[in-house]
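Please find one structure pasted underneath; my questions will follow.
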Amino acid sequence: MTVLTADVAIIGGGLHGCSTALHLARAGATAIVIEKNHVGRHASGVNAGGVRTLARDEAEIPLALESLEMWHRIEDLVDDDCGFEAHGQVRVAETEQDMTTLRTREARLQSLGYTHERWIDPPELFERIPALARYCLGGLIAERDGAALPYRTTAAFRRKAEALGQRFIEGTRVLAVAQQGQDWRLETSVGKISAGSVVNCAGAWADRICAQVGEPVPLEAIAPMMMVTLRMPRFLSPVVIGTGRPLSFKQTTEGTVLIGGGRRARTDRDAETTELDFQELGASARMVRDLFPVMRGAVVNRGWAGIEARMPDDIPVIGPSLRAPRLFHQFGFSAHGFELAPVVGHVIADLVTRGASDSALEKFSIGRFASPTGSVRRL
Amino acid sequence: MFQRLSEAGPPTLPLTIDGNAALARPGDSVAATLIGAGHADCRTTPVSGSARGPYCLMGVCFDCLVEIDGRPNQQGCMIEVQAGMQIVRQQGSRPVDAEATR
Amino acid sequence: MNAVDALKASYELAVIGAGPAGMAAAVAAAQRGVATILFDEQASPGGQMYRGVTTTPLRRRELLGDDYWRGQGLVDALLGCAADYVPRSMVWAVTRIGDGFELAVSRDGVAHLVRVAHLIVATGAQERPFPIPGWTLPGVMTVGAAQILLKTAGLVPGDGTVVAGSGPLLALVLAQFAAAGVSVNAVLDTTPRDRWRAAWRDIIGFAASPYLAKGVALLRRARTAGRIVRGVESLEAIGGHRIERVRYRTGGQTIELACTSLLLHQGVVPNINFANAIGCEQRWDDIQACFVPVVDAWGASSVPGVTLAGDGAGIAGARAAEAHGRIAALNAACAIGRIDPAQRDAAGAAAQADRARWLRGRRFLDVMYRPAPQYRIPVGDTVVCRCEEVTARQVLESVRLGCTGPNQMKSFLRCGMGPCQGRFCGLTVSELIAKERGSTPAEIGHYRLRFPIKPITLGELASLPQTEASEQAVVRLPK
């Protein structure tokens, strides 16, 4: 029976698992990442690649802003630019209601001391996004936001972590996790792993780890859908997101257009399958056609959906377990974890290696789902 | 190149290829028309600008893409010629119609 | 009932593909009173084997041959039966609804939804990729393409045409050229010289099959179409904006021929995209060197409610496809409860025997004409993915960077992400990666395909009718 040992066992080889492995290496701790498929197989490899501070839940803003600075220096961190480009993200107002929402938002953020989201009037909006339909009434822009390539990013974080000595085992499931004295013992499909600490980066399956240690969470497996077109001549620089109806819309460097926004496919997380809902994609297509008339002739070549974890309040679980020592949670990013991965890996590495983090994490505590009786409270 | 058997009958359909008047045989696909007119290539690729022409003629290779009556990226092998059709061999990815943004 | 203008909202059976298997299936199902609709993306029926049978200008029987004209009978039966037939329609997505399916089908740029209880997928075969250096040059086409030009447009090779490759279709097309009074500059036969040694074990089956007599006659006629160069070990297409010469090696000599047209063929393979996207299990067939969907004796796939028929379920030729269509129709009728298994078995005995007869001798052809490895697994700067212009070198490098299979490599390199959706690179990529990793295509697998099964315009997607939130049972779609 193989017994591997490391300072830290990381369950899940998505971008968050890879980021944590990398930051642990930089902090001098060894780690083994245990991945049941291959690194980047699920949400990490197939998301929209949005590097976005725009439209974040207030709780996430400090982390998102810190992470954005890391994205702007991502090549220093992982020796790869990850395809990151920063042409801004714009949240457009299609209706008066949208406009109210956005202006209220801007005022609210300003009152909290944040300046990263700025209202832009139609003249500036159409100068930045000439292809946008002229019925739009304005938008909020986050100028330093952008987009990157999800699979490439995940692979780059993995490669760098490995270069610094971390180990990755793929095609391996964690079957059981339990404390044994001062250590953690993980039973996996290829043998036992012994580690001082464990990080739960298991994405849409993370609730199972939580259940094993007696702190269940109301995690929902969702499958946000994406579509991509054939190449088109360049007509769009910033990423565009919707306000009143869901859309995420960007054009890649090679000219394909990625259409997302969170409409959901059906998913079976045990079979690891997703089934696209074409009527929902049809609604996306209608919205795209409204906002970007030039897309009438666009050709959709492929649709897909990644399996992701959603928490009822749409913010992640980040922080220590409240039931067992030296166990840390890093999951539930509710379809917007990509941008946060560089910083959250650092946060978790700090928690593991020095027991504290400079970031305020109370809002992300797993405790928010526990009720005094120990049963799961749904928000 | 390719030549026409007499059984095929004469080309009688007027259309344009790259703006030039031409006669096509009724029932031919756009791709067959281009090949019959001596054009081995029908586009250049968006990736490298390399010349391409029809390859499979059965709708699976997507190399026969041309612009037909202003609509780009049409599979020439899947579309039958019509009188007055405007066939344009396309360069790279197609230009954005600026008017469409209004 | 045919060429409908108004689709009904639901049918008991949808057949996809109007080749011999699809036509035979639709007719057989309609005869049993199954409410059937046949979708086909071409403007007229016949699939590829009987392409243009209702429209070809070449009416003299000896030009295209008796085997081809059998297709007319199938078409007549289709147009005379009770099945609805919709030409120029493309089924691009299938969703499971309860026990049946909802098909998204486009016609004239507008998408419709049709519900069916059972699906017969008869999407046929495609030319195997032939990744030689320069194969993307204008003027390089498949032999199948040349045959389509002959049948549908009366166009034949002129001066400077070279044909290259291996396989029975080469002989057929050359015989057709000969009948039309056309010859080509050269036929470069890439069948390895010593292949007889591997194939002779299957010669008895072949000799007892209908293919021997056909083959002998074809080869005799084919020989008059051009001088044949045997044992061609390498091929290269050379030119600037179009093909100008072909360079080949045989018997230790390297020779260049000027040419204006190069026609390539090294067999046909099942077009698996539809079956794969709907979740049908597939296996690697090492004799045929391709992926084939897994089906039972009745064409039933691994997905309940989906039956496969014809060359798309395994290359076996037009006559076997026709019998397979009848078999599939009986399976569908049984699956929807119109007949019971005992009735199906009894009614299908003749079709099963017919199919078995046409399968005899195929193995000899499969072994004899299995393309040599250098023509399946390219090296260096040879383009592997035509759509995205990804080379063999780039695929191999992605493997060295850690990609373990075609799907990871797709995320890395865009290989397989173009409009052909992996149809012309899938096999090459699987074999390339397998060889580099010391594995087999069976282990490496194939691209995971998704709907839409072919690119569709945003307008078509936007035109999908918005039905009420119908209760949609969440059913596992096996992958």
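Labels for the chains are A, B and C, by order of writing; each one numbers its residues from 1.
Methods note: a contact is a pair of C-beta atoms (placed from the backbone, for glycine too) under 8 Å apart; a residue touches a chain by one contact, two chains touch by 3 or more.
Please read these numbers as outputs of a predicted model, since none were measured by experiment.
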| item | value |
| --- | --- |
| Contact pairs, highest-scoring chain pair | B-C |
| Central chain (distance from its CA mean to the mean of all protein CA atoms) | C |
| For chain A paired with chain B, centre-to-centre distance based on mean C-alpha positions, whole Å | 44 |
| Centroid distance [mean C-alpha coordinates] between chain C and chain B, Å | 24 |
| Rounded Å distance, chain A centre to chain C centre (Cα mean) | 41 |
| Interface hub residues of chain A, defined as touching at least two other chains | 230, 254, 296-297, 299 |
| Numbers and ranges of chain C residues touching at least 2 other chains | 418-419, 455 |
| In chain B, residues with contacts to at least two other chains | 47 |
| Chain C residues within the chain B interface of the complex | 41-43, 48, 51, 55, 57-60, 63, 126-127, 136-142, 144-145, 148-149, 152-161, 180, 241-243, 260-261, 271, 386-389, 418-420, 423-424, 454-455 |
| Parts of chain A lying in touch with chain B, wherever the complex brings them together | 130-134, 230-233, 235, 254-255, 293-294, 296-297, 299 |
| Chain C to chain A touching residues, read off their complex | 93, 95-96, 104, 111, 279, 401-402, 404, 408, 411-412, 414, 417-419, 421, 450-452, 455-459, 461-464, 466-467, 472, 474, 476-479 |
| Of all residues in chain B, those that touch chain A in their complex | 46-47, 71-73, 92-97, 100-102 |
| Residue numbers on chain A that touch chain C, as the complex places them | 38, 40, 45-46, 151-152, 155, 159, 227-230, 254, 266, 268, 271-273, 275-279, 281-283, 285-286, 288-289, 295-304 |
